[in-house]
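Okay, handing you the structure first.
Chains: A, B, C and D, in written order; residue numbering restarts at 1 for each.
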Amino acid sequence: MVSDSGLSPHGVVPPLVTPLDEHGEVDRRSLERLVSYQLDAGVDGVFVGGSSGEIALLDTAQRRMAVEVTTSTVAGAVPVLVGAVDTGTRRVIEHARQAARLGADAVVVTAPFYIQPHPAEIVAHFRYVREAVDVPVVAYDIPSAVGARLTPEIVTELADAKTVVALKDSSGDLASFREILRRTDLPTLSGSELFADIAIELGAAGLVPGLGNVDPHGYVRLHRAVRDGDIAAARAEQDRLARLFRIVSVADRGRIGFTAGALGAFKAALALRGVIDCPATNLPLSPLSPAETDAIAAVLNDQGL
Amino acid sequence: MVSDSGLSPHGVVPPLVTPLDEHGEVDRRSLERLVSYQLDAGVDGVFVGGSSGEIALLDTAQRRMAVEVTTSTVAGAVPVLVGAVDTGTRRVIEHARQAARLGADAVVVTAPFYIQPHPAEIVAHFRYVREAVDVPVVAYDIPSAVGARLTPEIVTELADAKTVVALKDSSGDLASFREILRRTDLPTLSGSELFADIAIELGAAGLVPGLGNVDPHGYVRLHRAVRDGDIAAARAEQDRLARLFRIVSVADRGRIGFTAGALGAFKAALALRGVIDCPATNLPLSPLSPAETDAIAAVLNDQGL
Amino acid sequence: MVSDSGLSPHGVVPPLVTPLDEHGEVDRRSLERLVSYQLDAGVDGVFVGGSSGEIALLDTAQRRMAVEVTTSTVAGAVPVLVGAVDTGTRRVIEHARQAARLGADAVVVTAPFYIQPHPAEIVAHFRYVREAVDVPVVAYDIPSAVGARLTPEIVTELADAKTVVALKDSSGDLASFREILRRTDLPTLSGSELFADIAIELGAAGLVPGLGNVDPHGYVRLHRAVRDGDIAAARAEQDRLARLFRIVSVADRGRIGFTAGALGAFKAALALRGVIDCPATNLPLSPLSPAETDAIAAVLNDQGL
Amino acid sequence: MVSDSGLSPHGVVPPLVTPLDEHGEVDRRSLERLVSYQLDAGVDGVFVGGSSGEIALLDTAQRRMAVEVTTSTVAGAVPVLVGAVDTGTRRVIEHARQAARLGADAVVVTAPFYIQPHPAEIVAHFRYVREAVDVPVVAYDIPSAVGARLTPEIVTELADAKTVVALKDSSGDLASFREILRRTDLPTLSGSELFADIAIELGAAGLVPGLGNVDPHGYVRLHRAVRDGDIAAARAEQDRLARLFRIVSVADRGRIGFTAGALGAFKAALALRGVIDCPATNLPLSPLSPAETDAIAAVLNDQGL
């Protein structure tokens, strides 16, 4: 049922946050501005409906609007990857079909979660999804969210069978990442904010850093520096981005969860920079305090943003 | 927006499996027979759309049909609890509203998952859901599926604010369970197959054992024995049920995940006993082998079923 | 090489703390008083050199003195169990032989740690130790300290081969504890402060609660109540002890580790009760603050101690 | 009490295995040959008594002999680092003093284990050890063995106070490793077999790879290639070493633990290469089977060793 799209994700592909207004609804104009901001920075694609996009917290209407606004604003300029994230195969297929209808160039799919799957069941999950939808599938390894791992063995099997066209790696496990690069020719996108330089040097096809929402220009420069063989420039850019990444650590973990602290920081920074109107995150995440927002502003200022 | 229903779940409330036919669709007649089998055994309620019901694997239509068939078959004889299980607050509210429309007497809600919430965000999640729906909420502690815990502190806060009317405890952590019983008057349902006797002795209001699908009569006898002060009879029944519970361990973990092994065993046993037609589990779970099914039949036989 | 001692540990067997003086040396007179206090309360044995005894923090001379003072003070009145706790087999054998020379009635041995053993290697570890020493071996399941578990399968194999004469269970996992009671006749000692009543009801031979240092009379009463069939009295005693156990939670976890908070509380309570002179714990544990000690005094006072 | 040694560990510093004979005793002549083999390969130091040296499994006499043979064979040619690995501060000080007497140039110390320490207690542990011994201290981050982490915050505090002269990082966590390199000037030794090239490129002072026992020449070449700016050569060498590292995965995990599989493979390879006489590991580790040894020989052969 699948046409061969020829899609091969590469370069800088930021996982877009989903701007909300004061009432908690998707803020269309802020999202349009965010997409334009990314395109102006020279990104090679965008990923809507990922973890940075609060996919787990968006209801049906919000998911739909986030995808519609993104695809219509991108208007074919770069590929749009869309998360089809849910617990089980049939649920993922529902999301993937809708994403295809809304113009996704590929859907991004995790291992099943809530259940405790065997590796063979994870492979079967991707195969069933692939057979059911007419859009390429990108495998999404994010054990912090789903528990299970996409091991080098699983990814190799998916690559050999051409079940997926790429891997988005948010595992934080560079050892398995490097092993996958050795074993397969599958294009691999690293979700790491802090090892973007190393990932590209080791052969990754691209980058999907959450911090790319805030500073796409930095990741675009870093990517080009590695591509051009200027490792010293890449290291310096990576060091600067590591300092900027401290915004995700300002939240008081005695009051706010990890997700709220990180996604809240990305949104606060985007609001401070004037890209989006409102820094609100979705229910039930706690908002950052004014003092925490000030601390984020100070980090931005220190990094010249 | 909530009326005080007065619902106070208690007794034996099996978490129903969702029978599927050979094509993977919900098997209405098997589900009707399963519900009738439970009612005939004297259960005090049923729980549809829980982990044992493969809630994570059912698509939108399957979820709806499972609830409709259950509520129409129960026809008011006992309370029907319905799982409103999803990753985030707004998504849970969507499910809970539908459950209320379909006749649920209460909705059963877990902590948010996929994200990594702070305890305060977990409390807020339940509060938002409660405010949004016109049906009582039961808190569902199942860290093996969702990661986060409903600690005694969280449960006490939910109980004191009357945000939830009961707790379903599938944590496997008897220490926190006992602490909750000491701290609150909240009715508490234990999901443990193996400590059902102890849970009731310690003051639990009821039992929600997955194995209750297969042998509701056993859990009803156990519950009555404790209630009547016949601890020796309760111990003997619990020991028998522990031997029966070995059916969840026959699957080869080298080939099948934990979820498939346990839920597949419940369905295989129900098919062997003639209650449902087909033992199939949903995608992407691996089916049990004929040899594994034979091993389950042998355990049933040993226990006189 | 082993004589059959006929030792069968049972009843209340507190895991003694190791009192230190202001200079960090073992305080002989305080330890003598502690032992006498326990014997006066009617305990059925003592365990020296366990986790509550800070075994991991005692140097060679301290370990030796703690055992010598204990065995000489007990003077045969009850069995003395001695921890032979170390990372590997040969190291454990060194400790076990010294314990035997110093008069131990049994040695208490964990799974190997620091390394990552296979279950078959854990079984071999106990067998090698047993063959090398002329004193009975008690298996000590304490995954919070050593990582590995003594599963029901491992314990059954050790029991069937008569490699060990008893199990001390500090796993916190009542499910495996109950499974072991079903599978074997091995005497089993529960290390749980909070499920002492249930453990004895389910068939445990005895109790090794760290809190027994502070209130041995309570655990002796609880044990006798269960033995005499007075479950209501046992429940009430257990509830009282649960309130007393809150002393282990007063320490500020932002400043003090779990071990220092719990062992420091036991020692602070014993000093407040006049049993030992000085509440110091060993290097590198942080001491409790005066405010934390006051909070412990308040809990003691509330429980009438 | 500490003299400033000026020691600054760097370059390739293999963590020596401890060869045993058929009776399980330290094989002096094999250890001498192993040391000579390393020196001939051009290593910049050796580390005796680390995890690769089965430190957790060596008894008192074995520990002493391993250190004595190593220091006497090295005879001052390169620095000798000696593990002072034990659960608590006082125990570590005993080992560290003995190591100093036996000629250690530095002692290598982990966080306390068996207990559950607070970060402040970990820092105190290193400070107490440092004050008690007249030899420099190297901090050893090995959470797979000890549970606790030496976080960037802890390491920065130890570096700023000059409590330790270097860090040996066996955490497998490149993110914290890189953060430490950014925050401090502390010489850092990476224990990674698979990211040796990246570690040196990012600024590590040296390498302590267990696989260096088997192929020190490879790691010496890799280190020189990075130092000389020949990244392509370093990548090729790292890829070759990654293929060689597959020897640690040949053991059947259904029968042998992780430690036995890895350390057994190093010893089997050294025996196959004629460096040591006997591949035996210490009690209670399971030996490799003949088929597993053949598989290791095949890997060596494939890599031209």
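By definition in this document, a residue touches a chain if its C-beta (ideal position, glycine included) is under 8 Å from a C-beta of that chain, and two chains touch if they have at least 3 such contacts.
A quick note: this is a predicted structure, and the numbers were derived from the prediction, not measured.
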item: Chain copies touching (chain B, chain C) - same or different residues, decided at half shared; value: same
item: Per Cα centroids, the chain farthest from chain D; value: B
item: Between chain D and chain C, distance of the C-alpha-averaged centres to the nearest whole Å; value: 34
item: Centroid distance [mean C-alpha coordinates] between chain D and chain B, Å; value: 50
item: Set of chain A residues in contact with two or more other chains; value: none
item: Listing of all chain pairs that touch each other, if any do; value: A-B, A-D, B-C, C-D
item: Residues on chain C engaged by chain D in the complex (per definition of touch); value: 51, 54-60, 62, 85, 87-91, 93-94, 112-118, 120-122, 124-125, 128, 144-147, 253, 255-260, 282-286
item: Interfacial residue positions of chain A with respect to chain D in the complex; value: 172, 174-175, 178-179, 182, 194-195, 198, 231, 239, 242
